[in-house]
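Below are structures written as structure tokens.
Same chain, two partners: chain A is paired with chain B first, then with chain C.
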Partner chain A sequence: MKFVDEFRDSGKARALAVRIAALCEPGRQYKLMEVCGGHTHTIYKHGLQDYLPEQVTLVHGPGCPVCVIPMGRVDDAMAIASQPGVILTSFGDMMRVPGSDGSFFDAKARGSDIRMVYSPLDALKIARQNPDKHVVFMAIGFETTAPSTAMTVLRAAAEGLPNFSVFCNHVTIIPAIKAILDSPDLRLDGFIGPGHVSVVIGCRPYEFIARDHGKPVVVAGFEPLDILQSIYLLMLQLSRGQAVIENQYSRVVSLDGNPAALRAIGQTMELRPYFEWRGLGFISYSALKVRDAYARFDAEALFSVPGIRVADPTACQCGEVLKGVLKPWECKVFGTACTPETPIGTCMVSPEGACAAYYNYGRLTRRRVSEASAR
Partner chain B sequence: MTAPHDTPASSGRIEDALREHAEEWPYAREERVLARIDRARQARPRVREARITMSHGAGGKATQSLVEAIFLDAFRNPLLEPLEDAARLAVNGVRLAMTTDSYVVRPLFFPGGDIGDLAVNGTVNDLSMAGAVPLYLSAGFILEEGFPVSDLARIAASMQAAASRAGVQVVAGDTKVVEKGKADGCYVTTAGLGVISRDTDLGVAQARPGDVILVSGPIGDHGVTIMLARGELDIEADICSDTAPLNGLVAGLLTAAPGVRALRDATRGGVATILNEIAAAARVGVMVAEDDIPVRAQVRGASELLGVDPMYVACEGRLVAVVSPGDAAPALAALRAHPLGAEAAIIGTVTTGPPGIVQLTTAFGGTRIIDLLVGDPLPRIC
Partner chain C sequence: MCLGIPGEVIEFLPGQADLAKVNVSGVKRVINVGLLAGDQIEPGDWVLIHVGFALSKIDETEAAATMRFLAAIGQAYEDELAALADSRIE
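Showing the complex of A and B:
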């Protein structure tokens, strides 16, 4: 497939793997975090870890939009969906995320009308087709998906649509990275920066990571060679004792991001004083809500949601796993109380979470392509 | 609504987990955890949900749990237990194969076929996979009040055409009508009977390390066609369902390659699910190569856009064959000699392990595990 296969060339991957291995200092361990769930997906889908030397570990970060939604918000969404005349819509991977009483699939089986959409504009279409129902779009995701929610609210306002609202759960990436960096037991050497988020916010917001924390960041694309090249660039910085922000994904990401998208977000949404993240707890100014001027499209203003906080079990050590302090199997509940069928924390919720991945794949002795090719 | 802390169902489990953690730590916990995961994987499946969800019909882990925990448990007998595509029976010395399947596809008419030929071909194929010559079918219809008679006539005509093509007859049937809103237009159930004349005992449990795995053509055509035909995605692609009767193809294959150990048609759950069934039933490993698995460019492109993996997408006219190493070449030649197998390919091998695990070497040069999905493949948001 054109414009895809070029980024999956195994010959180029082998060459990069050799160069990455050559940059490893003997005896030093490198922990690099890929912040974005999309990167984690690529890493597993293509088996990218096979190209990395034993010394380089990838830590899966907090950037999986569905994993960070706390149980209480899932419960709230199901409470909205159970109101008469409501159609709740959301993205596909939200469907299996557990609340305290099952997932959207279970709520659907109990009689709620919950539908999967590819875009918030599809939710708008459903609202137009069902004037006697109220259609709620459960908005999730980082700055990547927030602009499309913003544009949908603006379009609904322009059309004067009376039966559409947004249950806003958009989160912002910088406070989450800050929360990880501020932790005293941090063990990370560098960050693979989120490509899609950076399309919107640009590269400047990451500057504090290099300046204040001395950690390099490389904003990366989503094909396997993009990620491997970004790891190489990070290792190059580390070998030279550098810490700067680099943009590997320059074919899409600019330094200043997308001003039109940022404007649309700013026009329709504002920061919440605080928001709870599954696994990371409450983080100040880390999420977005619909502005009062658009309150008629804000499901939280239209419906009384229970808003009960369902705390992460205290035994859950997702925070430590996310920060690279603990390996998944070192968590107190891993594999016993917390399994992919009955996940407790964020890392087990999505198949791309660090713990789910280890649970499913960790036992395999990995073939080390880089070592094989170096021979 | 719920307690402010741990959910009621999980609090006991968590206490147990913490106690266990305190006792074991830090001695060799990783090995113990891994051993426990292994035991959990082999444990008797349980249905945790209080109600049926869409996942239970998707052909993945949830379907397997439901079938094993509810149906196998209730009906347990040696003929049912192998859970093959068709049961193999002997009546007065005659070896028979019997199967049944229900069809609930939406839309009812789609590029390359409709619910009618799907219902005939699906049952013909299930019989063929048991090494049987399909002979007779029954057809049951559940019709929704208000369903156009012209559509029903079209479905019946297409069933007859498919039956003629496969050389079978529809010899019994049933019709029920339910009130408007109680069904989605038309559902069809077919059952089939065939005769096993060869001295073959096909089954996924027969797979042995060293065996070769083949697929009879490009995968995922049917599932992607249906996703696009629903019209919800505004994607157009020149692609149609692969629904077809495979009895002719199987006859040629079994004649040319007596070393065929197992046949499965890759329907719901796709080729990935079949490979997992092989690995689980025979307690072997399976290794396949992404580069060798035929996927049409349109299917690959649409899957890439939709965020689904063609390995899990349904086919309706493709089979997966496990063949002894010596017979791999004649098997491939026999498949390719038939119009429905022209693009057949060797996609991998059965290995010594790790048992129950299917691995794929990616085109990029890495490896990953192809696990069973819990339910339907869900598109990712970003």
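Showing the complex of A and C:
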């Protein structure tokens, strides 16, 4: 395989930084939100904030699927797992997310049969192999993982599998962006659009951001230079008073997304009237549930779940971090009571969470900057 | 989990049109390609894989770029690869 070295080229990064700086109007502050946790990761890992002029601040958004699962849903999943004959399956990322009585790992230690899987299709296989058990797949994620769950439900239906269901926690990115745009806490100037979510949904769903809110969006790839270039494109639009949707990641993302994936979601799932997001509260039409036509694969229809809303721990400020109002290190428990080993909030659990990304890399970057300026 | 990982298509499983064996950083596993219905996929093509499903066809250069992004992520990517290595969907 050939490697494209130009992406790593810090000379190019610096050239972009100069062009970005040249677009700043004197006295104006710019706040740009990267919606996707993968972008947050790249930004911290490569210290991209350091390439930007003081006037430009990157604000981290809610696009980390594990981070937005509320405690009540973790508790519900554990209640399902504690029923006799149930095997609960889940992605590895989910295992350490705290509920009000510990994480899945803790529930497993207490005797529940909870297993990590790579794919919902692995959960389906476990169901085939264990006909005397009922296998529940805890489905989480944005539009990147929802098609996989949808296809798995379709597969289960085609096979007539009687002992498989999905505990559906899929969320959709657009209502979260809307909630942030409507939030009075934060004035944003533009968005770095998520890369892999857009592979599925395409670029059109973002049009309202430009049309109704007058803010530019640039869908971006994950390399450091992709992100810097997207920032440059956003700044260029802002300097011209423009607001349109641009696609910096056209090598992977198309205007219309993946129609087969959207079809599979539409066939098996529908929007819930509302869903609670950790830290953000209830957001209307922001999550998916299994359609009634597939109710026999819907764990919520098969099992009674407590469905109780559990308040986040008082120390936890994930909501502010997810909305971009607080930087991770501004949370009172960051790095002391809350670390990746002993997470209080979800943003510390997933490597895509802002707190974990900052914990792992950000402090290094900050130290580097202060050392450099001391010299 | 949310990360798309690039894999190179090695072969299709006989009699199961939507399943293909791919090579992801040396890990060879079966994935579902049913969501790429519109694209012509052949052995040697690269696809972006999310939790066992190919979501888009990509070129080799993009595969390399994505791989570098993932390598930089470190542990999380290794965990994902380990999970993939344990996956048996066929």
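Everything that follows uses one rule, which is that the second predicted complex is superposed on the first by the 302 of 375 C-alpha atoms of A that agree within 3 Å, B and C clash if a C-alpha of one lies under 4 Å from a C-alpha of the other, contacts with A are read in each partner's own complex, and residues count from 1 in each chain.
We take it that a residue touches a chain if its C-beta (ideal position, glycine included) is under 8 Å from a C-beta of that chain, and two chains touch if they have at least 3 such contacts.
Keep in mind that this is a model prediction, so the values were computed, not measured.
By the document's definition of touching, of the two partners only chain B reaches A:Lys332; chain C does not.
Touch criterion met: A:Tyr51 reaches chain B, while chain C stays clear of it.
In the superposed pair of complexes, A:Thr144 makes contact with chain B and with chain C alike.
Using the contact criterion defined above for the overlaid structures, shared-chain residue A:Arg14 touches chain B, although it does not reach chain C. When the two complexes are overlaid on their common chain A, residue A:Pro306 makes contact with chain B while staying clear of chain C.
Once chain A of one complex is fitted onto chain A of the other, the partner contacts of A:Ala22 are absent, as it touches neither chain B nor chain C.
Of the two partner chains placed around the shared chain by superposition, neither chain B nor chain C is touched by A:Ala293. In the superposed model, A:Arg96 lies in contact with chain B only, and not with chain C. In the superposition on chain A, contact is made by A:Ala261 with chain C only, not with chain B.
On chain A, the patch touched by chain B and the patch touched by chain C overlap at residues 1, 4, 8, 37-38, 41, 45-46, 65-66, 91-93, 116, 118, 122, 140-142, 144-145, 196. The touching residues of chain C, when paired with chain A in their complex, are 1-4, 31-32, 34-38, 48, 50-53, 55-56, 58-69, 72-73, 75-76, 79-80, 83-84, 86-89. Residues 1-2, 4-7, 10-11, 13-14, 16-18, 20-21, 29-30, 33-34, 36-38, 40, 48-55, 232-233, 297, 300-301, 304, 307, 309, 354, 357, 359-369, 371, 374-375, 378-382 of chain B are the ones touching chain A in the complex. Within the complex, the chain A residues that touch chain B are 1, 4-5, 8-10, 13-14, 37-38, 41, 44-51, 65-66, 71, 75, 91-96, 100-102, 105-106, 108-110, 116, 118, 122, 140-142, 144-145, 196, 224, 306, 308-311, 313-315, 329-330, 332-339, 341-342, 344, 359-364, 366-367, 369.
For chain A in complex with chain C, the touching residues are 1-4, 7-8, 37-38, 41-42, 45-46, 64-66, 91-93, 116-122, 124-125, 140-142, 144-145, 147-148, 151, 196, 199-200, 221-223, 251-252, 258-261, 264, 351-352.
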